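Each structure below appears as structure tokens.
Below are two complexes that have subunit A in common, paired first with subunit B and then with subunit C.
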Partner chain A sequence: MTDTTHSPHGARSAQTDGSARPVPFRGGGFRPATNRWAGPLVFALLIAFVEVGLRAGWISNLTLPLPSDVLATFVQLYETGLLWRHLVPSLTRFMVGGTLGALAGIGVGTLIGLFGLARAGLVPMVAALFPVPKIALLPLFVIWFGIGEGSKYALIALGTFTPMVVATYGAVDNVDRTLIRMGQSFGLSWGSIVRKIVLPGAMPGILSGLRIGLAIAIILLVAAEMLGAQYGIGAYILEAGSLYDLERLFAGVAILSVLGVATSAAVAWVERRVLRWRS
Partner chain B sequence: MHATRRQTLALMGAAASALATPALAQSRAIKVGALRFTSHAPTFIAMERGYFAEAGLEVEPVFFQAAQPMAVAIAAGDVDYAMTSITGGLISLAQKGAVKVFGGALSEEQGIPGQSILVSGAAMEAGVTGPADLGGRRWGMTTAGSSFHYMGAKVAEAEGIGLEFVPLQKVPAVIGALRTGQVDAWAIVPHIASGLVSSGEVHEIGKIADYLPGYQVTTMFGSTANVADRELTGAWLDAMSRAIADYNATMIDQSSGEAGVQEMVSLLAPYVYPDRTVEEARGSIVAGTMRINGGAALNVASVRDQLEWFQSEGLVDSSIAFGDLVDTSYVEAVGA
Partner chain C sequence: MELRVAGLTHRYGETCVLDDVSLEIPAGRIVCVVGPSGCGKSTLLRMLGGLERPAAGRVLQIGRPPEGSLNPLTYVFQDFALLPWRDVAGNVRLVLEDHRLPNREDVIADVLARTRLTEFARALPRQLSGGMKQRVAIARALAVRPAVMLMDEPLSALDAQTRELLMDDLIGLWMRERFTAVYVTHNLAEAVRLGHRVVVLSRRPGRIREIVEIDEPLGGRGAMEEVQAHLWGLMRDEARAADAELVP
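Presenting the complex of A and B:
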């Protein structure tokens, strides 16, 4: 930092000379500001609106449940211990299926990004696999992996796998080539370049792919629990839906939403740690 | 003048209602929910033989894939009347004041081949030869709170055994799971059961009628507003009762012999098996014969038992009273 004209101090000193025209500050903006209150406030207003509307009767009780009843259902779920009986199998399926799918996706995506042969061979296959509704494959998975946990892991893993592959090889493609050339001119080995330049450079793209992949995993959790699951948040929601029990339905949906927020927060935490080099 | 099919039908309907004394002062258009099942025969008979038209009703059938969505469609006002089994969803909607049961239809009756208890080939090989051997095994069902759940629980209760209930959402999924041995047992209406048993992959080990004699399998229900309209619901019941009488006389009592059965099969086949010829459909339709309560009489004891079972399982709110679910003022109560 020897050149002073780039620093704000340098700019100010140039202005005090009187020789330069004063330039108004045009920077700022385009930077998402953090606001602690806006998010919860929107939730609270929406819930209050529904509660008041239902109590006053201008929303039919067939269309939505009373938010306070949903809360009571949730408390009951917690007190009877049923919450954990539903949550533990679902979280296990989410973790196992999501981890398998994400790791395989990152692995295959990196291979595609690094090797021409892998790209030529696998990209069309991933493109063919991506738009297939994974729910449609569920009966097939039941025959391949049985009606137990195997088919559920496989469904969630496949759902996470395809977006991870696409995000990973896109991110590897976008790594700054000049950095790689620099590594080469410093005489780094191929392995070092991949480890120290390509993977860290691809990490922002991989992590934003992970957000999408894990959100799809949560969606597929409900689908995976359609067949043969007695416990699980998805099974709970499906049962509530078939019983037309709106309170339980919304309690289950709220749990999934919380799971989504938690997953997103976890990825943000990883981003802050892994991408510290960016700031 | 070149009359379209719709116009012709409308003219025919008008002619029919002019000839007979219409039950309703003014003809009214209603929508009726139906499944492509033999158990919905009365709806199809009443349409084909003009009983609805004579009662002053212009009926448009709306076809569904499962019982549960019919109850939701009635609550949403898309369908006026329907006939299906009592499910947890139906009871929950009745609690919210959206639907009401007012008549009975399909019943289990000992001596008439009703719903069968089936087991998979694998379970049969493992030594399951009767419902008493099912202890700890996997019982297939569409969803919690479906009639399959109720039947399985009642069989288990009678035999003093425990069953594991496996939700599979749809009837074809349960059939697939039973064939491949992913579930051990299931109970289903005879026209599906007979087809499965004849394929040799699954075996029949019992009858639901032995466990639940008089089980009111399906009921007639409509939106609360329609059920409160005595004129409209009365007209609907009149037409359906005539059709039920025709069905029972022809298919169960065989009053008009083989020719009558053949004629009835020809009438039902295009509705129940639209993708088969009459001859192909004949076996399944005849095998699917079950008693439909004359005059849409309702087995009140069975409905009460079903409601109490749903409540004891915590599937529906325990505060629902019998009167919230059923309006008993229309039809004869049996089995009380």
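Presenting the complex of A and C:
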């Protein structure tokens, strides 16, 4: 290259000097691609690693159980019918408590989103309730709702309730105001505006709150069952833990993980159906 | 039904946005409101439809709304304000659901036909172009049989070609059914094409600068360059000053 770049004809001579090359691409990245095999593969590799390590002896068999033994324990659990005796009460508690908490949370969250008085009165209360480890309140709930199912439902419901409230009122706050003003300008009733504009508009936020709420519900489910239940996944894990029966412990933990994945998939399914209008 | 604006004044805090605006909106005509940005034209429109309360002055309805009008004062918004989770027909249905109508689906079919949207009845807003979205909003406004349409820069979010097409559509609709409208815009070409009467507002505080009557029939108007030039002459200095101002 000579001093042509300084001349006004620099561009043209650069074009004709024969060193044409494509403009480098700089636009990629920042958009995670989907890959349906990566997730299961990580699981499989991790399990295979533990299995091989234990069999070869470079992982102490005190630290982890053999994955194949865990599987055998699980199969045994299924064949003896014990699986259902633990799973059915757990799922019932999860569903009843989770549903109560989610519905109450959406209701209270909507009220906070719509009414200044509810906001002023309830937001500090929710803020005070949110960081309290709900499990610490279990003894109190046992007195209030009895040692049976009632206290477990209440605990799980309370755990789901607080994140749902926060997610719902945030979502209601974020509903497009112009849509609400449109509803008012067409003389829609208050109930119609809430049902047809506010709640559908808040639905994306409510559903992402539901993910968090239900995950917390699973945690509290297990905690409640550890403190006082004959049957349930939590009771099963506690019993296995106190006997240092690692195979059963891990079988129980695996059931919880599957429950978590299933819940998340269920919410994703609902999202796909309900939020089809989003591109 | 007519509207009469009497001595309308409004302030946001210290800033006076409208100062003693008095105005008549005669039935069956389109009144365009133009003015530099921040002259309070959108505030005026919100007050006309009762979405905002003026600090002083009144907006009066003169006469009864026509029989069967479900929502006498009906807006068409700049940003369309369509519910993204409802399809085209559903968005029109929204404003009819609170009313007991024996022939709701017929009304929807009729307004969709008039805005040439029949084949898009099942489409979601995200699938539509801006021009189509605004036609859905116009269909929705027509469905409640308004006595006065309040249009807040309805074409400003659209590109120039779509704007041209929609102006023709609006003229066609008006020719068939002489609706009453207040049409707020900052685009003088729109004002002279669509307005029977053009109200020029001055810069903040918004006062009426001049009211220009255009007698030419709506159907056969050209670009009306002289009127446009006259309007622009009224506004130019203020538009420049408004442009150079910091946002309050």
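Note that the second predicted complex is superposed on the first by the 247 of 279 C-alpha atoms of A that agree within 3 Å, B and C clash if a C-alpha of one lies under 4 Å from a C-alpha of the other, contacts with A are read in each partner's own complex, and residues count from 1 in each chain.
Please note the rule applied: a contact is a pair of C-beta atoms (placed from the backbone, for glycine too) under 8 Å apart; a residue touches a chain by one contact, two chains touch by 3 or more.
Quick caveat, the model's predicted, so the values are computed rather than measured.
**Q** Judging by the criteria at the top, classify the pair subunit B and subunit C on subunit A as clash or fit.
**A** Fit.
**Q** For A:N174, decide between first (touching subunit B), second (touching subunit C), both and neither.
**A** neither
**Q** Is A:S68 contacted by the first partner subunit B, the second partner subunit C, both or neither?
**A** In the superposed model, A:S68 contacts neither subunit B nor subunit C.
**Q** Just to be sure I read the superposition right, which of the two partners does A:R278 touch: subunit B = first, subunit C = second, or both, or neither?
**A** second
**Q** Under the stated touch criterion, which partner chain does A:L238 make contact with: subunit B (first), subunit C (second), both, or neither?
**A** It touches subunit B, and subunit C stays clear.
**Q** Between subunit B (first) and subunit C (second), which does A:S264 come into contact with in this model arrangement: first, second, both, or neither?
**A** In the superposition, A:S264 touches no partner, neither subunit B nor subunit C.
**Q** Is A:I147 touching anything from subunit B or subunit C once the two structures are fitted on A? First, second, both or neither.
**A** first
**Q** What does the superposition give for the shortest Cα distance from subunit B to subunit C, in Å?
**A** 50
**Q** So in the complex, the part of subunit A that touches subunit C is made up of which residues?
**A** Residues in contact with subunit C: 178-179, 181-189, 192, 196-197, 200-201, 203, 277-279.
**Q** Hey, which residues of subunit A end up touching subunit B in the complex?
**A** Per the stated touch rule, the residues are 61-62, 139, 142-143, 146-147, 226-230, 235, 238-239, 242-245.
**Q** Going by the contact rule set out above, which residues of subunit C touch subunit A in the complex?
**A** Its residues touching subunit A are 49, 51, 70-71, 73-75, 77, 79, 81, 83-86, 94-95, 97-98, 124-126, 140, 144.
**Q** Can you check the complex and tell me which residues of subunit B touch subunit A?
**A** Touch list, subunit B to subunit A: 68, 71-72, 75-76, 87-89, 92-93, 96, 98, 142-146, 164-169, 173, 176-177, 180, 182-183, 315-316.
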